[in-house]
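In structure tokens below, several structures.
Each of the two complexes below includes chain A, the first together with chain B, the second together with chain C.
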Partner chain A sequence: MSNGKRDTRTAAGRARLMRSIGYLLAIGLVSLVFLFPIYWMLATSLKSRVQTFTLPPVWLFKPTLEHYVQVITERQLFRYMLNSLSVVVSATLVAVLLGTMAAFGFVRLKFRGSKDLAFWMLSTKMLPPIAVAVPLFLMFRQLRLLDTRVGLIWIYAAQALPLAVWLMKGFLSDIPIELEKAAMVDGCSTLGVLRRIVIPLALPGMVATALFCFITLWNEFLFALVLTGTEAKTLPVMAAGIRTRRREIWGEVGALGTCIALPVLAFAVLIQDYLVRGMTFGTVKR
Partner chain B sequence: METRRRRLLLLVLVGPATLILLSTSIVPLVYSVLLSLQNYNLTDPFGRRFVGLYQFVRALRDPRLWQATVTTFQILVPSLVIELVLGIGIALLLNRKSRGLKAFRACILLPMMVTPVVVGLMWALMYNTNFGILNYFLSLVGAGAVEWLAYPNLAKLSLILVDIWQSTPFVVLIVLAGLQSLPPLAYLAARVDGATRWQTLRYITLPMLRPIIAVATLFRLLSLLVSFDVIYVLTGGGPGSATETLSMYIYKQGFVLCDVSYASALSYIFLVASIVATTRLVKLTAAPSQQYSGGGAS
Partner chain C sequence: MTGRGTDSKIRLENVSKRFRDGTVAVDNVSLDIQAGELLAIVGPSGCGKTTTLRIVSGLERADTGRVYFDGVDVTDVPAEKRNVGVVFQSYALFPNMTVVENIEYGLRIRRVPPAQRRERAGQLMEMLKIAGLAHRRPSQLSGGQQQRVALARALVIEPAVLLLDEPLTALDAKLRDELRVELQRVLKRLGITALYVTHDQAEAMCIGDRIAVMNQGRMVQIDVPTNIYRRPATAFVAGFIGTTNMARGHLAAEGGRLYVDVGYARFPVPSTTKGPGEELTVLFRPEDVSLAAPGQEHFRGRIENIFFLGDKVRVFVRTFTGEEVIADLPSESRVERSTDYPFQVDAAKLYSWAEETA
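== the complex of A and B ==
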């Protein structure tokens, strides 16, 4: 950019400057299109009731938090948020712990069929969720797990495990094996190596993996819809029950949507460098 | 002694993950076979009998199943094609090492992270016929109000639009990652040989991107095949059954009509069909990934 500024007097310099401006405009335009719906939801949540359906739309307005208050008091936001949080956080912890252990087994203790087993784990993610929803529902009914947090944690841990195993496989194989060998020479056991060398070194990877699992599970809808009723209902299921046809509650819909989506968006920006890796289960590294 | 300890260690490390995944994949699938061979309806628990392959025969004669299959592909194919073309296009357009690109990446990744249920709600507000912002934009260019979700074909188009909005960024990010890891040497060689921009794109960039485009296609295909959340919120499969995809139809049979046996049979047909389709696609697209062949000189 500074180059372009320095020699704007020459024709080539001017062309370069124009290209840079064109490039920034293109970036801005594409971003605008993709960000607009999110902005619109946020704006709707902060408008007063009348402003939410005024046309032409009010672009400048004094923000009000009345819809957020409504969502908290009338729709019991915190109750469902607590359900979502407790289930998702527990399942994430289980998945990252068990996933790291399994990944360590796959990476460092290669055994017969280890590749097949790892691929089988990944392939469970290819199962259409609806295909196992019916039998799981009946199993849950028999085991009296319907509408309990424990039941949902079990399913969610399984949902996040393939992701955790494959991401951790990638992160663990990035660690130079010499460190572990040196520790073993010094008399450390395999579990000791895992605890003293591997986990401290893999910690950033584990945090990224955990955030990924959290986002995936927080956004999950189908299993929560089918396996919970009133007690363990999660936020997305509660939100899906809102009637958007009635325009009087648009502000509430916006506020609720913002409350659900915002934590996830914040996490997503935090892990953006790992994003491609995570979304493709580690098949695309960068 | 050594191997016994090793085995024990492996069991401790890999065992728990394997057990949990078994309990939520193989076990329900086996149970589902048993269910599909009965006529179990939750509203009539005492009429439960073994009926052999009746449910599968029933499925083959079910016009709604065929309808749902067609609907699934009517939504899947346009979404997939447009997302790939648009995604690759945007990535090629913006591929440059600059600070603007990093900020852009942070912006564009947001749509695909928004909770799908919230995506549905957000677009429901925008699609509203009388007070939605989309019809307002249309009125600015002189078009009349559109009832986005009221007509069969228009409702499908609306769902396609939402998916394009939400998932094109996924393709953009993957292709950008691929572009930035291409070897600069190939481009230098092309320039030395006097290749035009178009030739460079056609014979160098796109062939080398092939494996990464295959990955993007596969992931989009898998998630479009089972997409459910946005449809549930936005149209509920309607109007009529115009946007009733396979996932939606199985959901309705199993959890609205409580015909769990029939839903299990349908699930199996869906499962086998999607496995066949995706494995064929993997073989088709990913085979020549590791070679720098003649640059797709077909």
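== the complex of A and C ==
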């Protein structure tokens, strides 16, 4: 091999290495920007009250669980978490199930105005929630649904439904229609096709949709604030109310924030296999 | 379901289908398929052959006309209750199931006991040589294997009729040839009534007991392969099935016989109702053209192109009137490009239409 060729290869290899280092640095920097607040929240929750206010900040410290004990005992964390979990999980299930069926209808049953109807569903997301907060409050009072989990489940399901329909439309339209036709000539009814073929195939998409709905609803604040009082109060509303004028309680805020983030994280980890399949659904030609 | 006296296994009576955009997919089609017969529907893309198949399967509903299975009107019977097996072009195997689960699926829906299911699926897998693939997923199979699984899945329910929608199109040429033979062998062995849709005229000729040629939603001709090839009903059929030389000219009488003068040649006329002076189109196949001995030629022409096809040589001949004639000569023929040769056409193979339907 001539020296010239070897030099060219060495230079190309060096450029590739530099490019890889550049990418890694950029990824590291972006990750730092996003992960630092989470680290700060976790660190604050594990520091003592004095360490929290120490300047410059303490980076190495002996962790304490005192703030977690406080939010669990004094703030009744589990009670509100149960409220949040029951409302959000139920609403997510309702939204994903109804959303899948509605999306199947939009994708497979061509009827007059189907496009308009699908867009109308999406357009409901364009309305600022505050615009309907007061009318909903009045309706809920009339229906005796104020400060009940059932009431909040309905509102949350309705709020997540357009998202579920539109996400599931994308997933379902990637399932070849021949599979459904094949199942039909094999003796399946339309509902049977949905149950035996479409849902098993769309499961990764349904799980991804469920996660999006779960995150959206888990963080929901406005309706929970307006429509609940004490019985059905959810975690975000409870978290917003724990700051007092008497003392700064950043340790408790950090512990509560960590506890609020944990279920979402756990859910995402639990379903990550499905999630990856859901995210890449339809991206490759089958 | 209402009965209707007929000997046909499948009968389509004046079936029409128009799509929402106004396209007439199937236009007044009538069709009879006898029990155990394999009818191949062939035609160009968009001619309505797949729509016809879907109407038979129940996946598509006809706007007008009736469909009968064994003399029973099934026009309003949904697909899942017609007991038809369909092999789709894309095979449509369920990706979330193994091969054996795919094959057993129709039986499971029909609540057939597991032991029977396994036995019937096993028999078909043996017959189609896929027994070793039982626990693989469709994504782990080759195109040919997927095709066999799709066929087994369609056959396992013992359908009244098997519908095959371009089942070999997705395969490469060699595999297609192999499977075509095997498919016909299996279908004949089972004695199943089948409707086979393809755009490949060679495939239709090979596989069909009869061939139905479709164009623009209409059945143009339904006949046995030799008649479709030798006695095409229209210029479309002649042009679509195989390679054809067509020539148009005026009839002339000479010595008590009729001839047609097509400009570059005078061909003796096969039977016709037309008389001298009238126009007539004759057709002949490339294999009916041969090099002529001196004085025996029907026409002379210059060879412009030569393609060696193994068992024969296809030559493209330009006549002195500028017409192109295609001839298939024996592979040992010593012909050269840009050279004039005399040609003759086998008069017994010349064919013309009594009525011009081109």
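Side notes on the structure shown:
Heads up, the rule we're going with is that the second predicted complex is superposed on the first by the 239 of 286 C-alpha atoms of A that agree within 3 Å, B and C clash if a C-alpha of one lies under 4 Å from a C-alpha of the other, contacts with A are read in each partner's own complex, and residues count from 1 in each chain.
Definition applied: contacts are C-beta pairs under 8 Å (C-beta built on N, C-alpha and C of every residue); 3 or more make two chains touch, one makes a residue touch a chain.
Computed from a predicted model, the values in this text were never measured in an experiment.
On the superposed chain A, the two partners chain B and chain C both fit, without a clash.
Within the superposed three-chain model, A:Gly254 lies in touch with chain B and out of touch with chain C [touch as defined at top]. When the shared chain is aligned, chain B comes close enough to touch A:Ala131, but chain C does not. Legend: residue contacts after superposition of the two complexes on their common chain; A:Ile197 is shown touching chain C, with no touch to chain B.
By the touch criterion defined above, A:Val50 reaches neither chain B nor chain C.
By the document's definition of touching, neither partner reaches A:Ala11: not chain B, not chain C. Look at A:Leu60: by the touch rule set out above, it reaches neither chain B nor chain C. Within the superposed three-chain model, A:Ile215 lies in touch with chain B and out of touch with chain C [touch as defined at top]. When the shared chain is aligned, chain C comes close enough to touch A:Lys181, but chain B does not.
Rounded to the nearest 10, the superposed model shows the Cα centres of chain B and chain C diverging by 100 degrees about the centre of chain A.
Residue by residue along chain A, chain B and chain C are tallied for touches, and B comes out ahead.
Our summary of the superposed model lists a minimum C-alpha distance of 8 Å between chain B and chain C. Once the two complexes are overlaid on chain A, the chain A residues touched by chain B in the first and by chain C in the second are 286. Put simply, chain A touches chain C in their complex at residues 176, 178-179, 181-189, 192, 197, 200-201, 286.
Chain C contributes residues 57-59, 78-82, 84-86, 88-90, 92-96, 105-106, 109-110, 139, 153, 157 to its touches with chain A in the complex.
Partner chain A is touched in their complex by these residues of chain B: 6, 9-10, 12-14, 16-18, 20-21, 23-25, 27-29, 31-32, 35, 90, 93-94, 96, 98, 100-101, 103-126, 128, 130-131, 133, 136, 165, 168-170, 173-174, 177-178, 180-181, 212, 215, 219, 222, 225-226, 228-229, 232-233, 246-247, 250-251, 254-255, 260, 263-264, 267-268, 270-271, 274-275, 278. Residues of chain A that touch chain B in their complex: 23-24, 26-27, 30-31, 34-35, 37-38, 40-41, 44, 53, 55-57, 98-99, 101-102, 104-106, 109, 111, 117, 120-121, 124, 126-139, 154-155, 157-159, 161-162, 165, 190-191, 215, 218-219, 221-222, 225-226, 235-237, 239-240, 242, 244, 247, 250, 253-254, 256-257, 260-261, 264-265, 267-269, 272, 275-276, 279-280, 283-284, 286.
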